[in-house]
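In the two complexes below, subunit A is the common chain; its partner is subunit B in one and subunit C in the other.
Up next is the complex of A and B:
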């Protein structure tokens, strides 16, 4: 068969069309934003079954080859790598594409640890955030994150760090003052708040006084504070020990309204000591 | 058919023989329960027999019968007698049953006698012993015991002000965000640990401190590893620890590895456990007159005084014993089977092993308490 001059351009177009039909992912965008509407147009003719497989998602559609197929918003929402397969007999084709997260952050997962820590602890507070879009896809492009730790007295520590692969973490110091601090993480217009309680450290310099109370001796501590001057919280156990001759009397007393008090037997010559945990206080020799 | 008849005859004969044996020589427990209906188990013709009868009646909870046979019943009512045995307020003794008893004659003449009765009460925390010295008198051909009644003290009516301090906990909910933090578990620390090998096995003794500002429910477990770091055994402290620790409170703990030798042990892995618990700071228990008693019967004795206005139903005393260097050498405990009434002293007695008595130079005692109908 011999081709004549006028048929040459038509033949060239036919070859191009044939080559195009062999390109499996023609008509599919290489990347689609999660949840967005999109359309595809696959070459060929007649009806075919289109299968799309991705992370936690499978779609099946009957499409018309050679025409546009429209996918409404929200059809593909899990970010990740997808495969498609067009089942159309001799015109079957397959390919791959990506669904990428929405660029605008919609949700933060903020892990702040610990929820309670002693005052004056360097690097004691850690915060980690994970940035998600509205479909809970991790946004892996860098975003500017801001952390703010504010105390009841108005003191603030702030840090700004970019996210890396969708996450970022920082460490912050606890202050010298006890109280309930607010720990805020912010990315774009999204923020998340956690509460960090800074509690007093070990009691420092426990002091008690003794006075006669009938046949007993009344023991009472001064308000118990840590080494930064914070009042040690109520309920903290203070141990009073009275030693006289070969006998001993002890009592574990909780702090109430800042101090601990108890009445113990009055024994002349007795030595009375006070302690809390592993911290010792003063000692009194009772002579009455 | 013929075989079945032979079998039936054999079963009938065996049953008859067993009934005859059981009637002639009953087992003591059956005898005790049989005496509930008021019949006497044996004649009280000797002091020992009278006390055996009394013990059996108490074991069978035949209170009326036991009370009726007492020589000094005019000095107290039957209700007071029962309260003396079972407690006035709910306590370990209230739900206890008498497991067994022993009688030890001390002295006897023709008309009176002295004897010691040791009672072993089965309670929810194990067998708790109790001892009473009784005087017996002869009335005709019978002996009757005089019950040494111990009337449980009652606090005089008064108002005791309590600055009630209590912690409650709100945990993370199921519907909370994935990143929402839960409340932090209390921080606890083992401040001392010391393995000791004894005839029973290897004991791990130590102390645990709640270094946090919130109450903690605590326990300790330990794993013994051999020299190749392979696991030998894992045990927990069970009740040889005060499970509720208020802030800065210290508890001793004791973990027993039965039939274990220290020579097999290469290392020990300690695992303290703590979790938040709703708790109250009250009651305060004072330990008074604590005294280390020397050989031949080494012990730590003292008295518990409930300083609050709330009745304590169960008290658990834990003693830590130290050598001259301040190292823990033993941990002993005792459950108090009586309720602690406000301001009324109740004695405790912690036994110390004879071989360790010489090493002990100081002690520290803590009390954990439980009150029915309220938090500890």
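Up next is the complex of A and C:
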């Protein structure tokens, strides 16, 4: 179609007006930081109802089209994808925008497991964190997270890893010494601490001695330790077994201050053994 | 006669609550670097419960009924969604969300099994209900970041947050 000269300017004005009508988002920011003040300026004239809505927050304002409308700090604070609708009687405009989390972390959700574990366990301690801003919005952009596991003796393990979509996890080794360890997660200036109790592992070996005690035999172990030299906790069961003439007697004895002791009937030629869990100790042949 | 009555009721009920088209679902395999040894049964349960949460959300927002969130949301997500529903009820309107397509990927699973995070590129419609005049449905695409945690019988949504896709 060829435009005649008098119609050309009107046509281009019409195109411009049409383009303006197709761009109602102009004057509305595409992204707003959670909790920050912002202003919008929508074309048109007269008053209109503005609806801002998303699953995490809604707002309604009466605004003046063609002029700036100011939203003070704290108006929109929940991160999410929002729609807006301007209802101005016969005409309406709509659009969409994001409220993004505040970039500064304010809170860590720190899950550390387990709270108690044996010493010297590779990858035995795991920690997972989620990073939130002050409005409990998940901070999606990568943040540098630092984990530190420190023991009472001053040993430290540290790892630094970036968060991925607001989360990160790490596995760390329990140390060789029993005791209370501190497990720290840190992002920005925010940190969260968990206490991990490291307990001795399984007995490394058991050695017992026997001596006569009247008509009985007294059995006593050496201090029972794990393979790192830590005393195995009191209450751990040690089983003594006496076999003589086809009969077998057993006694389960809890460790007390690192030792287990008991008296059993003295039978000449009896074989006495000791064990705890899967660990088998020495064997004695009783001849008295 | 009685059967005819029930048939009529069923037809009427269908008219009042037309069946929504089921959304198209696509699930991408998780990245083992971030999800470790997440079992496939666990992943299936997480996604099933998450999709059910969208049904609950739709009902809650269309009817301004916060109790519809109870089964599928917990913690921060539930508090924020419930607050929004109370806000829109106070302002005299509702919102209808209709999810048309999901493209879901599990992006994080904490090793102790206490949380799973997924990303979901969602195509959905949203419509303002109960304002002065009928409004058209707005087509939207957004990427949702969702954290779910296990409860007694199901996974519940604890974080529900979106950005433009």
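Throughout what follows, the second predicted complex is superposed on the first by the 264 of 288 C-alpha atoms of A that agree within 3 Å, B and C clash if a C-alpha of one lies under 4 Å from a C-alpha of the other, contacts with A are read in each partner's own complex, and residues count from 1 in each chain.
What we mean here is this: contacts are C-beta pairs under 8 Å (C-beta built on N, C-alpha and C of every residue); 3 or more make two chains touch, one makes a residue touch a chain.
Owing to the predicted nature of the structure, the values given are computational and were not obtained by experimental measurement.
When the two structures are aligned on the shared chain, A:192 is found in touch with subunit B, with no touch to subunit C.
When the two structures are aligned on the shared chain, A:111 is found in touch with subunit B and with subunit C. In the superposition on chain A, A:140 contacts subunit C only, with no contact to subunit B. Once the two complexes are overlaid on the shared chain, A:234 sits against subunit B while remaining clear of subunit C.
Shared-chain residue A:92: touches subunit C; no touch with subunit B.
In the superposed model, A:79 lies in contact with subunit C only, and not with subunit B.
Looking at the shared chain after the overlay, A:130 reaches both subunit B and subunit C. Using the contact criterion defined above for the overlaid structures, shared-chain residue A:58 touches subunit C, although it does not reach subunit B. By the document's definition of touching, of the two partners only subunit B reaches A:200; subunit C does not. Common to the subunit B-facing and subunit C-facing surfaces of subunit A are residues 111, 113, 130.
For subunit C in complex with subunit A, the touching residues are 34, 36, 57, 61, 76, 80-81, 83-84, 87-88, 91, 93, 95, 97, 107-108, 110-112, 114-115, 117, 119, 126, 128, 131-133, 135-136, 138, 140, 142, 145, 147, 159-164. Across the interface of their complex, subunit C is touched by residues 30, 49, 51, 53-60, 78-81, 83, 85, 87, 92, 94, 96-98, 100, 111, 113, 126, 128, 130, 136-138, 140, 164-167, 169, 171 of subunit A.
Of all residues in subunit A, only 108-116, 129-130, 192, 194, 199-200, 202-203, 232-238, 246-254, 256-257, 262-265, 276-278 touch subunit B in the complex they form. The touching residues of subunit B, counted against subunit A in their complex, run 163, 165, 167, 177-184, 191, 209, 211-215, 246-250, 281-282, 284-292, 302, 307, 363-367.
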